[in-house]
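Each structure below appears as structure tokens.
Two complexes come next, and they have one chain in common, chain A, joined by chain B in the first and chain C in the second.
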Partner chain A sequence: MKRVLHSWQGTAALVLCLAALASLPLMAVDAPSPFGTGTVVLVLLMVAGAALVSFTKLSQPLLATILFVAAHLAVWLLLAGIAGNEGQATLAFFLLVAASWLLAWRCVSVLSGIRPKSQAGDTFLRLLIPAIFGAWILILWEAATRGAGIPFIILPPPSSIGARLASSVPILWADVQQTIFKAVLFGYVVGCASGFVVAIIADRIAFLRRGLLPIGNMVSALPIIGVAPIMVMWFGFDWQSKAAVVIIMTFFPMLVNTVAGLAASGAMERDLMRSYASDYWQTLIKLRLPAAMPFIFNALKINSTLALIGAIVAEFFGTPIVGMGFRISTEIGRMNVDMVWAEIAVAALIGSVFYGVVALGERATTFWHPSNRGG
Partner chain B sequence: MKPDSLKNRIIPVLTILISIVAVWYVAAYFMNAPFQRDLDRRAEVTSTTMEFIGKTMAQPKPILPAPHQVVSNVFENTFLRSVTSNRSLVYHAWVTLSSTVLGFTMGTLTGILIAVGIVHLKALDRSLMPWIIASQTVPILAVAPMVIVVLGAINITGLLPKALISTYLSFFPVAVGMVKGLRSPEIIQLDLMRTYYASGAQTFWKLRVPASIPFLFTSMKVAIAASLVGAIVGELPTGAVAGIGSKLLAAAYYSQTIDIWAALIAGSVLAALLVTIVGIIAKIVDRSMGGRPA
Partner chain C sequence: MPMNNPPSSVVSASKLGLTFETSDGPVHALSNVDLTVNKGDFVSFIGPSGCGKTTFLRVIADLEKATAGEITVNGMTPEEARKSRSYGYVFQAPALYPWRTIEKNIALPLEIMGYSAADRKARIERTLDLVNLSGFGKKYPWQLSGGMQQRASIARALAFDADLLLMDEPFGALDEIVRDHLNEQLLKLWARTEKTICFVTHSIPEAVYLSTRIVVMSPRPGRVTDVIESTLPKERPLEIRETPEFLEIAHRVREGLRAGHSYEE
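Moving on to the complex of A and B:
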């Protein structure tokens, strides 16, 4: 009983295998190219075998490897079998996909239990576990859309989005240049810099700080994105209006966070600086700005997402015939859903890279902070 | 109200607000002046300086409407029109509010569920958490039009598609805040629960949940503001039926600048109200749970 509890995913996978066996074949009777018997037997054996292996007391890395290989090979065979049979999958097919998914889950559970001794092993696991999770989202998506024959308009399978992505690189690149390199980067730099400068001024003048901070806090909660049509009216259709929206959106988070960060250094440390007879600017640069860095990077991270959103949404209100927001709104009108998804994938990738670069900068600058020290 | 709060808080805020309004008036003059000069030349009118300034503040479609024009538009469309009228801001705000609240509720519940899962299942913590953070680098607002159109294609229209966008935006702060909150009990407190021989469920309900309530409300304040933004952007592509977002879009098409600003003000008032309501509920809950005023 103990062992059954030990791997409930394995038990469930076995049950699903039996159910699939009872409801064969994998494809509807009139499917053009049904699975070969050999493939079906192989998949069943692999899933059932790996499920049985998950009850044994093998060493964790070996067990994880077996589960990993079995689950992904099985599901790969299953997905490869759909080609030509779109929408013909039966219950048995989905039961087997679910069984392999459970094996992958078991694999992730085993992997999370491993305590690697080396630094490199730890990093590897840290990347591998989320990667398996992400891969399975795509796999389940692919199996569901193609297996059940969901209309292309509603949700295209990842494989066709990928194909579209690969075949329209020049268009996507032009859009990225227009939206990211012109509007987002310019707006982000100017918005963050001006927020920072105003925060320093507000820090110098207490009256200004008391007045600006409540207003800044309130503005952060407002739907600033609504100024997009006004900016388009003022600065025209090209990237300048998008940059203006980005500037307004990124200004207030930076202001509020920097002001909060400048108050973060302790009274003791400030007294120490006083006893060193350091003036305002020395205290600012040597003590208070470094202490404010975690707050400033927090704002930079928030702004990296806001900037992308601002630029893309502003393009809905009017643009030249290039840009990510423009592409999304026109291609959806032409029902080219795969192009829209390709654009979204690119946006997500750029957003992640942007965030990642800021996070790396944070690691390099605030290495002394408790959250970065052996946390 | 403490006597020094007047000097330390209200006066500075008022000063800044007044100077913003003053700058706004000056900007309105300078941005509208060229067009007005053009109009005057064509009509062959020569006006004194004061008349000219007055005219720049009274254009029907100014580049930058003066504050009083916006205020009178907001007042007119809020209080003088019947609530069911298509031009009433109350009507549009109500439409936006309903999808905001629905999306916020779904998002908060999803966020709490995810947080409970992450705190209790190690595999979920290590595999899901990075993706939750990555999910927010996806500019979901950019996807909003597609979600609406696609759901419309399978006959899901009206409130739900907009609410789904709000859900996506609001689950993240709640999930992250609740993970932090559910993990906030210290080891010594968890040890105390062990010495009481408390079961997992008891520890959860009697220690972790009460400890997480302040975190929940802080993140709910962020979440409700995010849901409002989601609802507004979700209204942009719905064919301009109703809601603050569609009002913005319609006004932008017809260059009704005063209407754009009025819609913006309506959205801002709504945001401030929602955040305040969440704040008040937080205070009431905090007090009823025995929290001492800080």
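Moving on to the complex of A and C:
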């Protein structure tokens, strides 16, 4: 009894299997190519079998493997069966998808209980768990859109987004070059660097600090995107105007954060420098900048997101016929939503990589900060 | 053989006063302090919390400006003395930089003062050894206990050639045994280098054991109520703390502290 409670996902999966059995078939009666009886039996047996196995006392790695294989094979068979039957799936179909999902959930909780001995095993597990998680978002999305026949315009299934991605690599690559490598990177580097330099100057010159900081706070509250059309007027249609928008968006967060960071060093630490008769630059480089690093990286992280948003949205206001924002705005007009989603996927991927690189840099430079010490 | 008799003064304060202007009125942290610290002296400051011991050290080190009276350090203003790097200051807290390892922390003043890399290395090794932290040089401050951190901060102040060492309760966070050991080490160091040391403490035995002179202070306003010259020999084993002579001086310090306290009631 205790073990049945422990693997409640297994119990729930069994219940769902029974409910599915009671509400067969998996596709509407007039579906063009219904499931073969063999497939249905196989799926039911796999799900129910794995659910029962989850109550046993098998070793954790073996149990996880069985659950992993059963859950994914079953759902793969189910998804494959949709072909030709779009929008015809019945309650039983979704009950079985849900049951497989519960098995995958059980699998992840077994996996997270494993304490691997080797470093490689640890890394593998740390990557595997989020990968299963992500895969199931796509699986459920696929099952919902194709099984229930959600209109393509509203939400295309991941499989057709993937197909579109694969078939438009040259276009996507050209867009990435235009938007990311030119506008975002240039704007980000220039915006952050100038924000940093102005912060150091403002720190030395009090009236600049008193004048700039309130303006900085005000500007960050403004919808900066509104200046995009003006930047297009000033710098033309090409990437330079987008880079200008990115510079404006990233400049003030960096300025405000760096100024705050430069004030973050403790009084005693500064007195120490003073007792050494350390000059302004020595104190800046050896004390105040290191102490400001957590603030500076905070700005770098905020700006990595802002730069991406700024460049893409700024392209809505006029561009040459290339760029991620341009593609999104024209393809949505042509109802090619899969292309829009493909661009979104690329943007999400690049955004995560961008953020990840900045976060890695942060881990390397602010390892000493109480919030990062841990391991 | 001392060449110049009488000994030259390192710190000399007369009618020194410092008033902090706070939102709820002025705080007289120091008033009418007359004190001379001679070259090679080991002077301890003792007194109840808030009597201005830290403030006095900060005025000497030019971290605070006196609002009344005169003070000179090596015949200069405190600011000139600071600019000529006369001070090794050990603060009440370790104040180590968390992004630097212990040895890098000790290297900090050496870097600022332009010591050569080879010299830095030798000095780091020597001072780490002095405070019993050899082998911990590559650790970060937050990986050490509070007492070890405080020792590292002492090592940092000893690493360069300041001729005036200002120590603000440096051993407050340490256990008795380590404290005894460091007291001994400090005395040896002082005898060897002939540095001048101003030392704040709350412990009467520590003050008596270490000092050539003990300055007793009392609060509101912070002032010097007594200066006791030690009659103990320069050579002081730890056992000296049980001698009648030692206890006699300790008794006088205690009396001085009592007298200071009774002013308030």
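In this section, the second predicted complex is superposed on the first by the 354 of 375 C-alpha atoms of A that agree within 3 Å, B and C clash if a C-alpha of one lies under 4 Å from a C-alpha of the other, contacts with A are read in each partner's own complex, and residues count from 1 in each chain.
The rule is simple: a contact is a pair of C-beta atoms (placed from the backbone, for glycine too) under 8 Å apart; a residue touches a chain by one contact, two chains touch by 3 or more.
No experiment lies behind these values; they were computed from the predicted model shown.
J.: Answer with first, second, both or neither: which of chain B and chain C does A:Y276 touch in the superposed model?
T.: second
J.: For A:A166, decide between first (touching chain B), second (touching chain C), both and neither.
T.: A:A166 contacts neither chain B nor chain C.
J.: In the superposed arrangement, does A:A135 touch chain B (first), chain C (second), both or neither?
T.: A:A135 contacts neither chain B nor chain C.
J.: Tell me which partner A:G325 touches in the superposition: chain B (first), chain C (second), both or neither.
T.: A:G325 sits against chain B, while chain C stays out of touch.
J.: Just chain B (first), just chain C (second), both, or neither: which does A:G266 touch?
T.: After superposition on chain A, A:G266 lies in contact with chain C alone.
J.: Which touches a greater number of chain A residues, chain B or chain C?
T.: Per-residue touch count on chain A favours B.
J.: Tell me the contact category for A:I215 with respect to chain B and chain C: first, second, both or neither.
T.: It touches chain B, and chain C stays clear.
J.: Now for A:S352: first (chain B), second (chain C), both, or neither, which partner does it touch?
T.: After superposing on A, A:S352 lies in contact with chain B but is clear of chain C.
J.: Does the superposition put A:V41 against chain B (first), chain C (second), both, or neither?
T.: After superposing on A, A:V41 lies clear of both chain B and chain C.
J.: Is A:I201 touching anything from chain B or chain C once the two structures are fitted on A? First, second, both or neither.
T.: In the superposition, A:I201 contacts neither chain B nor chain C.
J.: From the superposed pair, tell me which chain A residues show up as contacts to chain B and also as contacts to chain C.
T.: In the superposed arrangement, which is not itself an observed complex, chain A uses no residue for both chain B and chain C.
J.: How about chain C: which of its residues touch chain A in the complex?
T.: 58, 61-63, 82-85, 87-89, 91, 93, 95, 97-99, 108-109, 111-113, 140, 142
J.: Using the touch definition up top, name the residues of chain B that touch chain A in the complex.
T.: Going through chain B, the ones touching chain A are 8-9, 12-17, 63, 122-123, 125-131, 134, 136-143, 145-146, 149-150, 153-154, 221, 225, 228-229, 232-233, 236-237, 244, 248-249, 251-252, 255, 257, 260-261, 263-264, 267-268, 271-272, 275.
J.: Of all residues in chain A, which touch chain C in the complex?
T.: By the definition above, chain A touches chain C via 266, 268-269, 271-278, 282, 286-287, 290, 293, 366, 368-370, 373.
J.: Looking at the complex, which residues from chain A come into contact with chain B?
T.: Interface residues on the chain A side: 105, 108-109, 111-113, 126, 129-130, 132-134, 137, 153-155, 207-212, 214-215, 218, 220-223, 225-227, 229-230, 232-234, 304-305, 308-309, 312-313, 316-317, 324-325, 328-329, 332, 337, 340, 344, 347-348, 351-352, 354-355.
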